[in-house]
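When the chains are written out, they are named A, B, C and D in that same order, and each has its own residue count from 1.
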Amino acid sequence: MDELEIDAVAEVELDDPVLVEGLPGVGHVGNLAVEHLLEELEGESTLVRRIYSREFPPQVSVEDGVSELTCAEIHAVDTAEGRDLLLLTGDHQAQSNAGHYVLTDAFLDIAEEFGASEVYALGGVPTGELIEEYAVVGAVNDDSLLDELEDAGVEFREDEPAGGIVGVSGLLLGLGERRGIEASCLMGETSGYLVDPKSARAVLEVLEEVLEFELDYESLDERADEMEEVIGKIQEMEQQQQMDVPTDDDLRYIG
Amino acid sequence: MDELEIDAVAEVELDDPVLVEGLPGVGHVGNLAVEHLLEELEGESTLVRRIYSREFPPQVSVEDGVSELTCAEIHAVDTAEGRDLLLLTGDHQAQSNAGHYVLTDAFLDIAEEFGASEVYALGGVPTGELIEEYAVVGAVNDDSLLDELEDAGVEFREDEPAGGIVGVSGLLLGLGERRGIEASCLMGETSGYLVDPKSARAVLEVLEEVLEFELDYESLDERADEMEEVIGKIQEMEQQQQMDVPTDDDLRYIG
Amino acid sequence: MDELEIDAVAEVELDDPVLVEGLPGVGHVGNLAVEHLLEELEGESTLVRRIYSREFPPQVSVEDGVSELTCAEIHAVDTAEGRDLLLLTGDHQAQSNAGHYVLTDAFLDIAEEFGASEVYALGGVPTGELIEEYAVVGAVNDDSLLDELEDAGVEFREDEPAGGIVGVSGLLLGLGERRGIEASCLMGETSGYLVDPKSARAVLEVLEEVLEFELDYESLDERADEMEEVIGKIQEMEQQQQMDVPTDDDLRYIG
Amino acid sequence: MDELEIDAVAEVELDDPVLVEGLPGVGHVGNLAVEHLLEELEGESTLVRRIYSREFPPQVSVEDGVSELTCAEIHAVDTAEGRDLLLLTGDHQAQSNAGHYVLTDAFLDIAEEFGASEVYALGGVPTGELIEEYAVVGAVNDDSLLDELEDAGVEFREDEPAGGIVGVSGLLLGLGERRGIEASCLMGETSGYLVDPKSARAVLEVLEEVLEFELDYESLDERADEMEEVIGKIQEMEQQQQMDVPTDDDLRYIG
């Protein structure tokens, strides 16, 4: 396994596509959002690239007894309505600092290969508490991108995100800027305690507007209802005892 | 010391051999199993390769005052009955993420050099508690491999192993698949607290069936009896006090 | 992103300049000091180099919604009075041991490119408690540099800094010496609890003398007054309860 | 700074020299021992090599205000009596696993360059408690080396050192064996709590015998007396209160 191995699984002609990134992060917001996009657009999407790397954790996932080596995937979506898309998903981020740079460069190379010059990195920004309203906080790599996103309801806040944006989402903006690629990061507010379908929906609603397509949210809403149930139980428990952050088991119930 | 240094200690002609991996892991199950195989098949086996690497911990083991540099070993077994074997053993895994990829590629290169196109990675899956029955949980890198293993009593469970398979065992499946090598991981259930000879036996009984040879288990059973004694003492102590996980000394008594 | 990417943003002719380093460290003393120099000398300074690297943390900072990829910057200052300067600033140090060597070599390469053969690395030395007097402790990479600094009030103490000087500041001395570059490290005493404008001022006063220019300290003094207020509040709180080290919020109030 | 930079400071003709390694480790035994050798043999020794590396911690030590970049040093000792020596000293070990391999290879390269084919790695083996008798435990990379060392009083114990030998000392044996270099590790028993001049002396007494020279121990004995004083105080304190492992300050008093 080299530093990078990119499998060209299929080729698809796209017209000025937009790369949308949804790797795991805070609240799994970006991950959930892009996986929902993939479900909804299944009929129009084709797996085009698998990216393997020494920088990914050395493991396989197992489903129904069959293994799959850690990788990131890019699906090309030749949409009937709205912008063409390149959807970037995966279960893991790089495991080293340099690894984040290596993988992000690979994702941008593939984006350029398909003629993309715009990127949306999707993620979450943790509030540290359960919330009712789900704002979407933004960051862009060029100030010409601010207006359109503000019109779509994205908030650009003076002190946020505190500490900047770490990992592939941040580097898509930073390295994208050096290649002349316009990149924006949309971060749904989320408690940070749970995999958050409401936050994912808030971010997708912004994307719907800027990329000019319409999505159905039924399956995401079902997950949101399950999440509300768990939150209810958690709040009951809270009233009974001092409570820690929910366990992985609770998280698995939601996600 | 380069990233990899492979000493060709001897050459042996094998007929369509199977690589069986037993590096250290949960409960030392794979390690015990393959070392038992090596003991039982001593007359028919030859050390063919030693693999050294910067990726191994920078240390020597010492036995009877004489040092040995950390390495993995491959023995070729030209068996009278059943499939020919390549047995992979060692005392340590790689110390970095990239290192696991580097070493697994080396092991697969050697396997291919000897004409192997099948791999069995042996390990343990922790139950977190002492158990009576010893099931063997499986994962394969191609679904065509499921039936034969199910017939041999291997269980393919929907949610297991949770978190996938990490390290060389997982990568033998993941990287093997990319080379067209059929690989299966057999994981004996084990508490995870002790070096577990009963779990190792359960895994070896599956191998006996699929690789068509017969093994004697006397020495493993002796170790199992010693383990039962220690478990007995531990349970006594438990009744006397809150007990932590057994110490390294207890583990050394068994293994 | 390669191990190093250096953007030549502009070219400036300097006359025997001095490199002054102010990357983050103890009490952010060096960082504050050089940022103050940059503010005061704004009219005479030009950004000449940006240094990007896989060795920097994989993140972007965000200001007013616009991202900036982690980098170090070098400004050339063609001063009317006193020595010409190359001012090195940044928000992060390298994230690995080897990374510190890589980045320091890059900084020295750029310094040599501009004809510099002298370096001042600015930093802090922690006292572990709030102090009244602000001494400047020194280290040099050649004993011929001791006298002039002693004349400027720098203290060379037998057991300090305990543990030597770690990171870019130390390596500017160590690697500089191997290139025949004269380098001195000026470390302002500081509690280590707060971003310390008084310590930064003590260090700048030494620089004023050796580099023959005059600085205004009004803005630094304002920050010092703010710091005194916070210290006052902290001491009040101390009298009320056992107090931990100030939180990031308190630090942000100062810095 | 490359992975390795070796400064050839001087050249000395040696006759079948022995490399003696004393880098920092348990109880600083090896370090103390070789530094004592260097002091005692000062008139006959010449600094021949300095080894710098990205693998060393990125720092300078400071003495009397003057910095020195982290390095290892090799002194050639053209002795009047006994074997010629190459003395390897330094204040730090490598900071990564691969780094240990890189540096040990460099040390062996230099040893071969000077015609050495024998190595003594000096260190300590921790007993975990203060001791009265100071045995020297040994390990060799070839069993032909056992007898001579046993005759010199070295003990080869069945279960020691538990966990093998980690770091440069271990790799000198492991990598030395692959180059046909005979290497032995002499480990003085020590509590592990203090820099231990008595343990260093025990190890040097073995070396005196095998390398056929005589050493004066006055300065080491002075340090041993200081250590006895501190141990006395520690035992007093013990009787007064529950005591933790001595602080760095106590260690600095000794060392």
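As a working rule, contacts are C-beta pairs under 8 Å (C-beta built on N, C-alpha and C of every residue); 3 or more make two chains touch, one makes a residue touch a chain.
Heads up on the chains, UniProt names are A, B, C, D = Proteasome assembly chaperone family protein.
These figures come from a predicted structure and were not determined experimentally.
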(request) For the copies chain A and chain C, give the interface type as same if over half of its residue numbers appear on both sides, and as different if under half do. (result) different
(request) Specify the chain most distant from chain C by Cα centroid. (result) B
(request) Report the inter-chain centroid distance for chain B and chain C in whole angstrom, where each centroid is the mean of the CA atoms. (result) 53
(request) Could you please state the distance in Å, as a whole number, between where the Cα atoms of chain A are centred and where those of chain B are centred? (result) 37
(message) Residues of chain C that contact two or more other chains, please.
(response) none
(request) Quick one: label the inter-chain contact graph as line, ring, star, complete or other. (result) ring
(request) Just spell out which pairs of chains touch, all of them. (result) A-B, A-C, B-D, C-D
(request) Would you mind writing out the residues of chain C in touch with chain D in their complex? (result) 94, 97-98, 100-102, 104-105, 138-143, 146, 156-158, 160-161, 163-168, 170-171, 173-175, 177-178, 185
(request) Would you mind writing out the residues of chain D in touch with chain C in their complex? (result) 1, 52, 54-62, 64-70, 95-96
